[in-house]
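Look for subunit A in each of the two complexes below; its partner is subunit B in the first and subunit C in the second.
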Partner chain A sequence: MDGLKVNITNNAMLIQTAFKNIIRGGKRTWLNVVVLSFVLVIMVAYNGLLDGWMEESRRDTIDWESGWSQLWHPKYDKYDIFTLQDAHGIIPKDIKRLIDNGVATPILVIQASIYPHGRMQNIVLKGINTEQNILKIPSEKIKTEDEDIPAIIGTRMAKSTDLKQGDRIMIRWRDKNGVFDSRQLLITHIFETKIGSVDSDQIWININDLYQMTGMGNEATYIVLNKEAKIKSDLSGWKYKSDYFLLSDVRAMEKAERVESIIIFIILLSLALLAVYDTQTLSIFRRQKEIGTYVALGMTPKKVTSLFTLEGTTYSVLAVLFAAIWGTPLLYLFAKTGLPMPEAYTNIGLPLGEAIYPVYKITSLIKTIILLIILSAIISYIPAQKIAKQNIVYALKGKIN
Partner chain B sequence: MNTNKVITISQLTKDFPVGESYFRALENINLEIEEGEFTGFVGPSGSGKTTLLNIIGSLDKPTSGTAVILGNDVSKLNTKESAALRNLHIGFIFQSYNLLPIYTVFENVEFALLLQKKSKEERYKAVMESLEWVGLTDKKDSRPTQLSGGESQRVAIARAMVKHPTIVLADEPSANLDAENSHHILQTMAQLNKELNTTFIFATHDEKVMQYLQKIITLKDGRIESEYNK
Partner chain C sequence: MQLMNDEPMKKQIIKIIICNMALMVSIPLIAQDGNKMLQDIDDNLSANSRIIESTMIIHGKRNDRTITSKSYTMGTDKSLTEYMSPPREKGTKMLKLSNEMWVYSPTTDRTIMISGHMLRQSVMGSDLSYEDMMDDRKLTVIYNANIEGTENYNGKDCKVLILISKVKDAAYQKQKMWVDTNYLIPLKIELYAKSGQLLKMITMSDIKQTEGRWFPMKMTYKDMLAEGDGTEWVINSITFNKQIPDYIFSKASLKK
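The block that comes next holds the complex of A and B.
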């Protein structure tokens, strides 16, 4: 019979039926939609927080510490403090030219000791050009005006040493011949930064003062370059360090945070999808007569599976729409106010401000939505496919357990 | 194909697995049903009448033997062809009505036509005509939960008839109805049988239904015990 070759049931009809079933599903539908939309908004907010934090960390690290790239003295190793003794040298002419053009600034780093409240504390003493504007270190505050050597420190250093603006502190260091010397420094300013690695255990002074103190005139440990420097390789024997290398700590932190976020997402999604799975499984067994009826009326079991999968997927689509309605103003407000961070977080060295301001990336948003929709579809497909495989006669009588 | 014979069943056997063994629900069934018959499979519970009806409806397949429905051997039909056979040529009426609960009366009746991709106008005309046959046009916007048992079964009849099927299979259609409603729906079906020449096949053990049947096929323990025309 030719009539049996007619391909009955089109996809548009399936979508319409699924949508009708969902819309008329009442509380069952809204429970799923609310739970899924809640999870979606939390995921978007959490992703936004992470992206915002990483964006800010990257920007702050560039602004305060790394610049766009650096040139290191061949013996300098940022992660090995023992290299500092030898990691300095006369700035080569090529690099000097960059400094004169204002696209680079030298930093001289030595080890020193201070004696706050009578106890000795090892610190890193950094000399920076007072005229530089490549880093946000407020170097204009360390212009030498009288006999005192002006110095600036960060809030973390101030807190750990109990130093305040106007305080004087004894400092002891070795000059280039290894001879100990000591002077008093005047704290002229305490700056605030989210980058702990330019603050903790560090004192910044005028590089010319440091030249005088150490006899290392015209020397540097590393050179910070700005965007206009356009250096992409080693120069005069000094090692080129790209922004990719210099921001590796931020990336490592981001990676760790992403792993953490994945765990949180898995927990959140599991809870939400469990609700969908539960609803779908329960409803499928409750609706087995309906499934049998669809088949008796001429639907193939495969189409019934598609219908129920579509229903489950529609939950997530509705959840996206619902989340857009209530989540958009909330996320916008959240982006304005940010998430206040306790002071303790900044003290443990994380590059955090008083608050993290979320940044919502469209790619991140799309990925989250697609993930939610795909998982909802899978979770709806499983029970639907299970029941479609059963004997439809039992389904018609509601006898499938 | 003989155009008068809509159903030809030969040496049909149906077994259901029970643990490692099986239960024989139908054994060596041979019968023929012609177009326009008002026939019933009667017999006690477990006699195999519903199983036979399900095989005729292509909802189930025989273990052995053949069941040729409108020229199609149900054993050889794939799921798509079975679905098409049901959608285009067979209407079902169930004991517990099996109406789709979230749909209105109109939408329930309309559903089979949606599957056939009929236009909106065609669907509306056919559904209203069908509801008129069963006297429920005024209930077209009601939900199944707002209907009485008799009304629900009339909706089920309208749903089965809306696509003008060749065969309507009714499994214990009066089992959940009182005497008055039973007679009402049986009169409706008998009238549709006369007017549209639709073949009606019942599975029943209800005396009220038997009064209306033109042909009674009695089943016992999965075998045909007797067959007679009134």
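The block that comes next holds the complex of A and C.
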């Protein structure tokens, strides 16, 4: 019991000494603290940006494209456009029941060509139920009211075709027998979405109009299900696709971005920790007599090593506190304003809006802090460990190599 | 007074009945004439085999492109086209076997199958799409023809034929043809969508006698929904019913 008390007292003394030494370090200490705090804030901000982007991508993909899960026609493959020609069929009764209950909505997809400004452009024509509320596609804007076939497009498509609300566009398609047909579509609305895969090269029309145009009445290419559908396996031969599968693109993107962030973090941390390493090496060189005095006063070389390691680690602890003071308001402001994205980024199909708003996750924050402290401790220990191997007499004379 | 008027009335009714009967009898005759004419056109334009050396001139918005090629066709199912110039396209081959099509590009040394989405793309930037080249069936197999009347087209007396598809899978449900009655060759063809919208127009000219049949040596394709002056296809030489070895129509021949 007494031994434990002595140990605690010794450790407390060690921490106190380390802290005092650090404070006495003056400009050198604050330089290290500032650099480490800067790296910490950047890491938190970058992680926040990634988390925010992924969170938003996941949410938007569910809202606009995938729903909570989907049922695919047996011949449909989202990643193979060649399957589209045959990937449609009569909606089975079991699935029809889900649609009638409002927990599913059918999408019929065909290929077509449009002629904006006299040049042919191949597009994907999608039919959606106007009453649906599972996807955020503004399908209420394509209710057929007169002779025109109303259609909606996204901003990317509007830009690439130079189409505006109220414009008419000639479309050519083939019906279920392969017969060419052609009509004019009236653009009734242009919607804005971060999900390029429901926008680029696509036109959305009323599914009933598409049934009439193609003769594919009561058919679908895939069915989008909402949370309440509670379907977890294939149904009537239609392939079940879980949210895990449907969000695989987002996950792949996240993985790639995380690798990128790790490279950036390694560079930043290397620079900051190099400063700590240099400070420690210089400190040991300058304080040789002090080291010898500690040992002469009864401190074991191991304890002296611990003291110096602790001093190095304290830089990171102080950096965390300092970062909390200046970084918190800055990160808060960043979360409010977001990081504006150039327009070119949104046009290349990445699920990006006008800005990325960071989301700071507590787990991510704690992980970053722990990583910084541990790395500081390790980098401080490397030069300090030499102390344990030195001769005390040489140390007292200030002759440590 | 009543009795006096009845006689001419009866005559009038009889006249109408006779006219109607004549019309009813003549409609199948006109249709038959139309189909006969279509058969003659088929006989002129189709052959068991064809070897054609041709030049395609694509009139773009800014400039024209000229592509020369040599094609081998066997019946309606097999065809192989090899592009000879310009240097960028030289060696590119296109093989059609029944409902499938492959394109070989020497620059990448790869053969790709043209299907689905790609069938809608234009061939070498022309007004022709791959799917236009796929449907090579005889007109009499796909359409019933009626003679709508006679018109003068480009100074020549032409019968105007209306072709309505008799099969479900005809690419164009309706075609309108101006047929030169001397040569039994269509000089102008309009291809219509189901909605009645004019989609494409083909004009044929420079009709020459080759191996005992009349054949248009120049055709102009125009996508009526797109801008531009269309694509000219000029036949430099044509050979009919010559034996073509089977290996020509194999995927292996694409890389040779």
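In the analysis below, the second predicted complex is superposed on the first by the 391 of 401 C-alpha atoms of A that agree within 3 Å, B and C clash if a C-alpha of one lies under 4 Å from a C-alpha of the other, contacts with A are read in each partner's own complex, and residues count from 1 in each chain.
We take it that contacts are C-beta pairs under 8 Å (C-beta built on N, C-alpha and C of every residue); 3 or more make two chains touch, one makes a residue touch a chain.
Remember, predicted model here, so these are calculated numbers, not experimental data.
J.: Which of the two partners, first being subunit B and second being subunit C, lies in contact with A:Leu84: first, second, both, or neither?
T.: second
J.: Name the contact category of A:Asn122: first (subunit B only), second (subunit C only), both, or neither.
T.: So A:Asn122 only meets subunit C here.
J.: Of the partners subunit B and subunit C, which touch A:Asn21 in the superposed model: first, second, both, neither?
T.: The first partner, subunit B, only.
J.: Report for A:Phe180: first if it touches subunit B alone, second if subunit C alone, otherwise both or neither.
T.: second
J.: Considering only the touch criterion stated at the top, classify A:Ala296 as touching first (subunit B), second (subunit C), both, or neither.
T.: The first partner, subunit B, only.
J.: Name the contact category of A:Thr363: first (subunit B only), second (subunit C only), both, or neither.
T.: Touch partners of A:Thr363: none, neither subunit B nor subunit C.
J.: Specify the partner with more touching residues on subunit A, choosing between subunit B and subunit C.
T.: B
J.: Would you sort A:Ser233 into first (subunit B), second (subunit C), both or neither based on which partner it touches?
T.: After superposing on A, A:Ser233 lies clear of both subunit B and subunit C.
J.: Enumerate the residues of subunit A that count as touching subunit B in its complex and touching subunit C in the other.
T.: After superposing on chain A, no subunit A residue contacts both subunit B and subunit C.
J.: For subunit C, which residues are in contact with subunit A within the complex?
T.: The touching residues are 115-118, 120-122, 165, 168-173, 191, 193-195, 197, 199, 223, 225-228.
J.: Can you tell me which positions in subunit A touch subunit B when the two form their complex?
T.: Contacts found on subunit A: 1, 3-10, 13, 17, 20-21, 24-25, 289-290, 292-293, 295-303, 391-393, 396.
J.: If you look only at subunit A, which of its residues touch subunit C in the complex?
T.: Against subunit C, subunit A makes touches at 81-85, 111, 113, 115, 117-120, 122, 170, 172, 174-175, 177-183.
J.: Considering only the defined contacts, which subunit B positions touch subunit A in the complex?
T.: So the residues of subunit B in touch with subunit A come to 54, 57, 59-60, 70-72, 77, 79-89, 92, 94, 96, 98-103, 111-112, 114-117, 159.
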